[in-house]
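Shared between the two complexes below is chain A, which has chain B as its partner in the first and chain C in the second.
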Partner chain A sequence: MSFSSSRSVPRGLRILLLLTPALVVVAVFFVGGVSQAVAQSFGYQPFLPSSRWSADAYRSLWHDPAVRASLGLTIRVSVLSTFLAAIIGVAGALLIRRVGSRTWAHAMFQANLAVPHLVGALCMLLLLSQSGLLSRLSHATGLTSGPADFPELTQDRFGWGIIAEYVWKETAFIGVIALAALNRGVSELEDAARLLGAGAGQRFRHVTLPALLPSVSAASVLVMAFVAGSYEVPYLLGRPYPATLPVVALEYYRDVDLTARPQAMAVAVLITGVSVVLVAAYFTLTSRLVRREL
Partner chain B sequence: MSHPRLTGPWLAAGVLAAAALMVTACTSQSSTTAGQRVDSGDWDSVLAQADGQTVNWYMYGGDDTLNGFIAGYVADRLAELGVTLNQVRVTDTADAVNKVLGEKQAGRSSGGSVDAIWINGENFATGVQADLWSCGWVRGLPNSRFVDFTRPAVNNDFGTPVKGCEAPWQEADSALVYDSDQLSESDVESVSSLLSWAAAHPGRFTYPALPDFTGSMAVRTILYDTVGGPDSLTDPFDEDAYTAAANRLWPRLNAIEHSLWRGGSTYPRSQAAVEKLYSDGEIDAFFTYGPGAVADQVKKGVYPDSTREAVLDGGNIGNVSFLAIPANAEHSAAALVLANILLDPETQLALYETEGIYPAIDLERTDKQTQQAFADAPRSLSVLPLSTLTQHTQPELGSDYVTRLEHDWKTNVLQQ
Partner chain C sequence: MRRAFLGLLLAGLLLPLLPLLVWVVSGTWRYPDLLPSDLTTRGLNLLGDRRTPVLEGLLTSTVIGAAVSLVACLIGFPAGRALGLYRFRGRRVVQFLLLAPVIVPGLAVALGIQVFFVRLGLSDSVSGVVLVQLMPTVPYAATVFGAAFANLDVDYERQARTLGAGPVRTLLFVTVPLLRPAIVVAALLTFLISWSEYVMTLLIGGGQVKTLPLLLFAAIGSSDTTAAAALALLVVLPPLLLLMAAAPLLSGRSGAMVGVGRL
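Right, the complex of A and B next:
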């Protein structure tokens, strides 16, 4: 048996045939889903007799204070969570490399990778809420006199509770990626730089950081896009108003009035837009950094 | 080789576009043929068809005691008739309605995955709007003879005519739950006395953010007190009457806001969150639709022993909740059997005894023994007797009013 007969098939077609299974999945679940969302956001609702095409949903979003407040919160939470997780993750990875790649250190660093975000959010609630563990401890030690005395760390206006959960969870993810990048011969490069007389700061800026940036920024993009679009953590740890965009979208989606469906889909399209913009901005920023360092 | 060739990227784009079109085409093809019809009038054939079926019952799953009852008693009763129960717990009934809607949108007019939904109010109205329900089967249920169909609450679900599209199975009468160590009986006499207690004790009272089902009831309770009951808000929806009532309600809600939990700067997300605040000692009082379940919480030690209930002056709001069967349900026979078992006086009694859920059937229509059993059911000190809870029950508003209140509460109270 030989596959030489495949030579008679044109190359373009052959690649296409090989890609078809993957492309069909992407098309049905991604392109299909997104185009459905876009269509419904413009009023496509075949199950309602009165539906018609219009951009009303987008116009009403523009005037909806819930969406306006949400936009700022969503961007704040995504950017801050990603930024903090990236810094702490990289710092943790560097620290672990310094103490030597011991298994216990690795295990501790990665312990929460397998914990679902939902569980993480509930843990934050048990830990940080006004009747949570920290509040009870501070009450027991006489620091506070009751639940209301303890600072608002969950359901707070700024979103600290949400950010805390994402940082706790995503630090491990970015840390693992950074550790992998550090294992790719970075030590040798650093040694070479040291021999050439580079100080610790110079070695970090000109050798370690450029080696880390490509993979860490790719991981950060994943984190940011995930945070901007995820629902359960802001639902559990955030406020009903202002809420992040995914929470607002689902609220519209669950609206008992079916004519609110286009708004739900318009918010979903907006989330897609916000993610794309954030990711593009992040890529531009980091690629510039990498170029400057090299 | 000179013929033009599609190169990789273009071909890929073509395939993607074709597949996307295909998806859109499939979903827009909504067929209107009815699903497999099961006639509830011919009960023997319903039982025969249901034997061996699995009924997928979508229901709000936030009540542990009720979940245990469904998985135990109800599942056992169904098993006797060869029906397997698959209880699907949802956090919001709207999710179940959305599932049926999504299937209908995808052209699935039979073989639907939702066989029954515990439902009432706006969610039922949504299904009526999109023509999702199977109708005209309720009177065919053998146990429907225990239901008083002349009662407005059974005939009209939050103002939407039921028209045999859902069978009643529970009655919910609201009450205020409070810690008698913190509030005196005079504090819980009326809405005004409750609100002045709250003003004197900042941060110790709240209600869930609307559109939460119970939060919506708490706001309507204050609305009834403000405008003197539901009578001025008649069906169909009257914009002027609504505006007049709402304009008096919002200032009152905003006036008490600073004395609520977290200074009213935010509201708990759900009734479950409110009940957790109470069990954690963060608040001292809350409204509930399930006063019967409070006994169990006190017994378990979740709520303090000093927990009591009150019906405020002017009456409490009550409603009936139902079982609806989607028109495309795959196992509609099994769903009918479920609806019938739920209406059985024995089930209603067991529900009352274990969970304190009030019967949706008319006790007068049951035999003497059942009536006596209801009267003899042990009652916790924390829970009000059935007669007190049903004495001054006020009807729900039409779902159009409820929906508007929930929307406008967000702009006029939450976002202020």
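Right, the complex of A and C next:
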């Protein structure tokens, strides 16, 4: 058997062969999964004869106040978490760069990335709940006289506990991304701008920020989509009502009444839609910002 | 002033871990005590106790993580080669397809696909969980390898071929050693994504495949905070050690770090 025969494989076929395994995975799981979620939300039931196509699931979602509250909460939590994480992460990266103690501070940012969100959720419960460490500290300093005096930061209506967890984790993520972007010769550009007479504010606006924006905005998009679609943190740190969309979807899915299945799928489709819309909005916004900078 | 802000930032990074670490060794820690009234190794003992499902969960998580990492790298490696070395029509479409699973939540996909896993007898099984976890991991492996292949000097491969090495020998003794850092990063990232995955494992594993995140989720809901904190320590230590070991390879590779954000 001659291995050198692979040289004669035409270029197009070779590329196709190299890509096939990965494309099969994406096609089967991703395209298959999403299209099945859409089909099942319209009443299609695979392997059952009784499929009846209808938009009932969407109609009932539209009239369900829990879903409306959930949509608002999901968008609020993902937009606020991403915004705060991006601001603090970029500020942190700039600070770390200035102070020059980059290695250990950088290492701490990276170490935070290794913490799974589930562990982060437990950390936030032990820190922020009404019997958590902060509540104990405020009792010790005489600010509060009991657990009920301490503000509800977990299982609260607004979603502060959920936001705190995501900001804690994603600040480190965006910080690491921003530090990597700053590493690519930005200091030299800033020095050049200074020599040309640019002030601190001008250097930041016209050199540092444009260098950061592409990677930081791409990272923010990932964070936003991730927050909108993840389940465990809002389940553990949020309320049963209003809950975020992923929590509502799983609740419908686990309903013993199988007629709730299409509703679960419809919520899954809604989550996908929210992710895509948030991402598209963010891209439009940042591309406009970049254009204004230049 | 700057140092004060930096100190504040780093304190904010560390503070949430503090109560967790204290709870690991706390016997009783009642409100409003600032420190536990007695210390215990009960939580840590639970981790090695054969009567608890912890050791089995550790094994399940490790096996699934290793299998996912291996298969995702084997699939991502050739895809990365195609993306990094060739300019072809439809390249952007392929890149978009590989990015889409990163944007669209795994929960939605897993909900839609679950019924097929049941039908094929893959639900409630380790192999089913490994398969479904390929969805979030293969795109990362392909992206990391794509960046690595784009920086690869193919002349080394050509020289090896000219000197008479076959494609397999060239791959094993030239390409793989040259791409070693990318291979380590891709293997690590995919392992970590699998290690932290909760909701897909729950839906496809049907609660029967008890990985450490599933055990931790149940423990957080229980009243035994000491046990939950000890379990959380077990979940967080392997990623921390692996990431520290690979830190020199990760610095500056923002493309690679994007994967870690999903943990």
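Going forward, the second predicted complex is superposed on the first by the 272 of 294 C-alpha atoms of A that agree within 3 Å, B and C clash if a C-alpha of one lies under 4 Å from a C-alpha of the other, contacts with A are read in each partner's own complex, and residues count from 1 in each chain.
In the analysis below, contacts are C-beta pairs under 8 Å (C-beta built on N, C-alpha and C of every residue); 3 or more make two chains touch, one makes a residue touch a chain.
Predicted, not measured: the structure shown is a model, and the values here were computed from it.
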| item | value |
| --- | --- |
| Comparing the two partners chain B and chain C, which touches a greater set of residues in chain A | C |
| Touched partner set for A:Ala66, first chain B, second chain C, both or neither | first |
| First (chain B), second (chain C), both or neither touched by A:Val115 | second |
| Contacts of A:Asn183 with chain B and chain C, given as first, second, both or neither | second |
| Which superposed partner A:Pro147 touches (first chain B, second chain C, both, neither) | both |
| First, second, both or neither for A:Ser54, with chain B first and chain C second | neither |
| First (chain B), second (chain C), both or neither touched by A:Phe173 | second |
| Chain B versus chain C as contact partner of A:Thr284, first or second or both or neither | neither |
| Partner chain(s) touched by A:Gly32 [first = chain B, second = chain C, both, neither] | both |
| Chain B versus chain C as contact partner of A:Leu13, first or second or both or neither | first |
| Chain B and chain C footprints on chain A, overlapping residues | 12, 15, 19, 23, 26, 32, 35-36, 39, 46-47, 131, 147, 236, 253 |
| Complex contacts: residues of chain A adjacent to chain B | 10, 12-13, 15-16, 19-20, 23-24, 26-28, 31-32, 35-36, 39, 46-48, 65-66, 69, 130-131, 147-148, 152, 155, 157, 235-236, 239-241, 253-258 |
| In the complex with chain A, residue positions of chain C that touch it | 2-3, 5-6, 9-10, 12-20, 23, 31-34, 74-76, 78-79, 81-83, 86, 88, 94, 97-98, 100-113, 115-116, 119, 131-132, 134-135, 138-139, 142, 161, 166-168, 192, 195-196, 198-199, 203, 213, 216-217, 220-221, 225, 228-229, 232, 235-236, 239-240, 242-244, 247, 250-254, 257-258, 260-263 |
| Of chain B, residues touching chain A in the complex | 5-8, 11-12, 15-16, 18-20, 23-24, 27-28, 30, 92, 94-95, 98, 101, 104-105, 122-123, 125-126, 129-130, 203, 209, 211, 262, 265-269, 277, 280-282, 399, 403, 410-411, 414-415 |
| Chain C-touching residues of chain A, taken from the complex the two chains share | 3-4, 6, 11-12, 15, 17-19, 21-23, 25-26, 29-30, 32-40, 46-47, 88, 91-92, 95-96, 98-99, 101, 105-127, 131-133, 135-137, 139-140, 147, 168-173, 176-177, 180-181, 183, 215, 218-219, 221-223, 225-226, 228-232, 236, 246, 249-250, 253, 264-265, 268-269, 271-272, 275-276, 279 |
